[in-house]
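Letters are used for the chains, namely A, B, C, D, E and F, taken in the order the chains are written, and counting of residues starts over at 1 for each.
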Amino acid sequence: MISSLILIIIGGALVVIGSFCSLVAAIGILRLPNFFTRIHALTINIIGGTFTPLIGCGFITLGLETLGSERLFIAGGIFFTAILIVILGPAGSHALTRAAYRSKAVSFEPKFINQLEKEQRGD
Amino acid sequence: MIMLFSNILLISLGVNIAISIYGIVSKPNMVKKLIAITILSDTVNVIAIVIGYRLANPPIPPIHALNDDYRVFITRVVDPIPQALVLTAIVIGLALIIFLVFLTLRIFRVFGSVNLHEVLETMYKELPTEVHLYEEEPSD
Amino acid sequence: MVLEDYVRIISGVSLAIYFTSILLYVVRLIKGPSIPDMVLAIDAITYSSITIFILLMLILNTPLLVTCAMVLSIFVYALNIYVAKYLESREMGE
Amino acid sequence: MSLLALLSVIATYLAITERDLLKAVIFSALQSISYVFIFYLLMAPDIVLVYIPIALGIYPALLLFLIKKTGRYERK
Amino acid sequence: MYISIILGSLPILIMALAFLLPVLSIFIKRKVVFDICFLFIAFLSLILSAEILFSVVGTQEYLLYPFGGWPPPLGIVYVADYFSATLATTISFVILTVAMYTVWYTRHLEGYVWLYTLILALEAGLLGVIYSGDIFNLYVMLEVVAISSYGLVAFYTFRRRPLASAARYSILGIMFLTFYFLAVVIIYSSLGTLNIGDLALKLRPQIIHLQNYTIISAYSSEYTNTIAEILEETALPLSIALLISIWVFTFISALFPNHFWLPDAHSEAPTPASAILSGLVVKVGVYASIRFLYTIFGPNTAFVHIRELLLNVLMLLGIISSLFASIMMALQDDSKRMLAYSTIVNIGFIYMGISMGSVMGLASAIYHLINHAIGKALIFISIGLLIRASRTRNLYGMAGIGRQYPLVTFIIIMSSLHLIGLPPFGGFFSKLLLYQSFIEKGALVPALTVVIASAIVAYGYFKLIEAIWHTPPISTITISRRPIPILSGISMVIMTASILMLGFFAPIIIDSVNAIAHEIVNEYTNYIEAISKLATILTPKGVGLP
Amino acid sequence: MNISYRFIGLLLLIAMILAISICTTISNVGFNIPHDIKYLSRWVIYSSYLVTTPIFSSMVPEIVNAVIWDYRGIDTFFETSVFYIAIIAAIALFREVKIELVKEYQYLGLSKIVKTVTKTLLVIGLGAAISIALHGHITPGGGFQAGSILASLLLIVIIVFSVHFILMKGLTKNLAIIIRSIGLIGLVSAIFIPILLSLIMNTYGFVFQNQPKVMSPLGLSYVADGHVLSAMVLLLNIFEFLAIFAGFLIIFILLSRPTKELEN
């Protein structure tokens, strides 16, 4: 009982953190000036806004004994989803950013410093 | 209140159908027509699913747990038959879209354009001038 | 019972926040000056919707729906890859 | 649910009126996501499972193949 | 009421055998093997559908097949009444004869396997539409028919016109068939069932007492006593569904405002495909309209007003369609295009017959439908032979080609006379019956339309005959005479014999067609009773909802 | 200028939707979501997993799967046929086109990170798809779902690694056609199993028969955890999985040929 209480409280806290992160990421995606800065906000959304609350939800389902014997299956599914997101999300945004940089589909304005360009030039 | 929400839902879906018909009929580009067709068939599928929905507290998907009591289950489950029909309709729509994709590609190879107005114009223009050499076969 | 109420309140509040952030992402999607911006917004919407699916599953107590979120998490990746390939290469098949 | 339907109306309108076909594909992906949501809320897991790979995995790819081969912009 | 396993397995069998051909094409490269397989499958389907027709006629009972052993409203059921059995036999016969021509036609063609497969799939779809007793299954089978037609129209992928016409045809077809699905969904949401017999039962609460059909109504009627109230509540959605579905069927059968895709699509397909599309595929829409207008939303339902309105509109559209298309036909220079316009004329006649609402009108429509199916296929394949010889479709290019092939020209003349409607061919008697049914009801305008349109069509056909027989050949095109291929010669002779038989045995055929129409218009309870009996047999005793 | 017109149109559209729906609700017209389901569906739900009278049950707890494979099996069969005909028509449209293999396929495609992640994803997704296909009659899922998931994963692989990768690994068009035919032949033979059994056992059998019915005692089933489940639907799901996935593979291989080769 106590363990389930602890699990649920931790899970609830993680869910609350996740929703906060999601809001921050939304504001970031809306307000940041160009694509390469917005991709940071997307990362906040992936790790903070999706991965954290999913882990939290997994803890909550483990703690809720009213769900019965199926809760292990559900929690397994949730953790599996979370791991998939951790693997796939960064790879996807990497591919997108790389393509955007290479194809010059995105303008750099406002640009402060383009470190990648310098490195590629061999400075 | 529930009626308001369901009305908004159905009217929005109707507006979607109207917009996609506008897209199919008036946009000459084949790719745009394809997008409109996918939206049209999806919207009809959503309407079918909406018809199978019910107000229960809360509704559950139509899957028996293995040790379920029928009397409790029937008070909450949504209608499975529209879901099965929609499953069939989705795959049929996919097959038709696949055929259209290949047809569009072929049209682009042959005509050099995917604009259906241009294509039909080209087709009708060449009717009087072109020699009607159809049903061709190697001379034997 | 108290525990379930607690879970329900937290999930309800989080759901509201997630829906708000989805609206903000939609604004970015409509505004988005370039293609990668729009894809980024779509990504963010899909990630938020995965979370919403899981939270709704907890609230509505329908455990069989977990598979949907799992499959959706696989296909977030797809649109990224397609657009990246479109932007990067000469042919989609190469 | 009705909110999501309104969202799908926005997406459909933008997808149909957009001249850049790549953007139209992305808007139709938004419309697909809102429909996935509606299917989920209407308790149809089978439909969701078949609709996600088809509408998010296969349709955009087919359309992008086409757009890559035939040209990105719709002429007037 | 008999359960027949032949009925249940016929379309599945044809479809499965059609699946085998592309697999074989990976391993076997000899064309003879595929020819034999193709002819064998077509022959098999003719044998089986004729068997179904004989047992329906012999036992005077409907043949049914419940799939999976489920009683009707729960599962899907195939029904063969007189009408569908007759139509299915006609379809199999036409496809067999066209198949004999196709074997010769594809002798130098790359990708003949795909043509064979598409034709067989089309046949399976047509038979499925005819036998199906379930409106959603009807949708699936219509899609089978539609997609194989698109594939056949676009078969010559290196030419421009087939591709463009296939694009227009397929985009509009997909849109319209999606609307039919919407109509099916509306009907399900209003009446809670998809079975045609069950729908027919539910829509006639005043006429038929539901208590006589306890089993079938137990499955699907939540309010057995208050079905009339439900009908009042859902009158608007059901009327909309009826309108949508009839509109879709007029698209499939190319009635006037929806006819514009037909001349391009049917003239650009390969010739055997044109014969099948023009002779059979448009008839599917007619069949489905008859089912919807007579069996389901029949004259005794609560939808009399909307049905009357719809019949009047269809009459008007039929008149416009036949007049317009006959004028267009007389103006054409392209032989296949001309025949395609002739199809629209005849579809107009058939819809005029349907929209009379009487036994005689429906009988004449059915008779004309069969006549036109065989006659149009025959004239298409015989013109196809001449097109092959002269290498052009233009009438002036084909000048004098007929003198090289007197037998083919003779057959073309016979089939043109059949399609114009001159004795002693079947076309004359069906048009006479149509004319009589109009006169009987005192409808002068349709009767005049039949005569005028036939006269204009006659001008078009005489132009064709004059071009291929009387005009001296153009010197620039050298025409070498080749022998007529044996198989297609046989098929043409068989079809000519059958159109002559349709004329010679006209009294018998008119009697049986009248019986079919009587069955559909007045004895619709037979359909419901057959399905109800089947449901009674298949439901175990003592099963009921808790 | 053009853009602003579009957004004004959008706003007008949404305002119109809201206004019409409010008006219809005030005047009490419109669709009400019902509190009850149709009687036919009650029967379907009741008989899909009704262990008490096995003579009238389909023994499939997942009711949508029961409907698509048992009550409406012929719909599903012909729907697969529609898919097949679409593929046939597509091959017929591109029938004289050859493809040349590129040996240096490892230099094609996207970056190395994406390739590695995609390999992991392929393994995970293969497992997920097979489990969805095998558990299709108990949990949400089934043949189509699994087939389309695996096919879209293969599409991702094609896009990430290039089509030559798949072809060099041996998944060619002919192999896909053969897999597809195996699936379809399996489907057809599975739906005719009861008839063959009835010929052997001298009873009556129906096409698409799954469990014993009034007129015939035939049926395929297996026992798992003390529950009797239908083996027929399992078989059909597996064959459908094969057929759908291979069909999509044919489409993707045809479609992802580079344009340069198409022109020759």
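Remarks
Quick note on the criterion: a contact is a pair of C-beta atoms (placed from the backbone, for glycine too) under 8 Å apart; a residue touches a chain by one contact, two chains touch by 3 or more.
A quick note: this is a predicted structure, and the numbers were derived from the prediction, not measured.
Between chain B and chain F, the least number of touching-chain steps is 1.
Number of steps on the shortest path from chain B to chain D, with steps defined by chain touch: 1. For chain C, the chain whose average C-alpha position is most distant is E. Chain nearest the geometric middle of the protein is B, using mean C-alpha positions. Taking the mean Cα position of each chain as its centre, A sits at the greatest distance from chain B. Separating the centre of chain D from that of chain F, both taken as means of CA atoms, is a distance of 20 Å. Computed centre separation for the pair chain A/chain E is 58 angstrom, with centres defined by C-alpha atoms. Centre-to-centre, using mean CA coordinates, chain D is 37 Å away from chain E.
Inter-chain spacing, taken between the CA centroids of chain A and chain B, is 34 Å.
Shown for chain E are the residues that touch two or more other chains, namely 136, 140, 143, 147, 150-151, 154, 157, 188, 546. In chain F, the positions touching at least two other chains are 13, 17, 36, 38, 40, 42, 44, 46, 62, 64, 71-72, 75, 79, 82, 85-86, 89, 93-94, 110, 114, 118, 121, 124, 132, 139-141, 144, 149, 152, 155-156, 159, 255-256, 259.
Residue positions of chain B with contacts to 2 or more other chains are 4, 6, 8, 12, 15, 30, 50, 52-53, 60-63, 70, 78, 81, 83, 87-88, 91-92, 94-96, 98-99, 101, 103-106. By the definition given earlier, chain contacts exist for A-C, A-F, B-C, B-D, B-E, B-F, C-D, C-F, D-F, E-F. The touching residues of chain F, when paired with chain D in their complex, are 6, 9-10, 13-14, 17, 62, 64-65, 132, 140-142, 144-145, 148-149, 151-152, 155-156, 159, 248, 255-256, 259.
Within the complex formed with chain F, the chain C residues making contact are 64-65, 67-68, 70-71, 74-75, 77-78, 81-82, 84-85, 88, 91-94. Residues 58, 60-61, 63 of chain B are the ones that touch chain C when the two sit in their complex.
Those residues of chain F that touch chain C in the shared complex are 108-110, 114, 118, 121, 124-125, 128, 132, 139-141, 149, 152-153, 155-156, 158-160, 162-164, 255-259.
Across the interface of their complex, chain A is touched by residues 110-111, 113-114, 117-118, 120-121, 124 of chain F.
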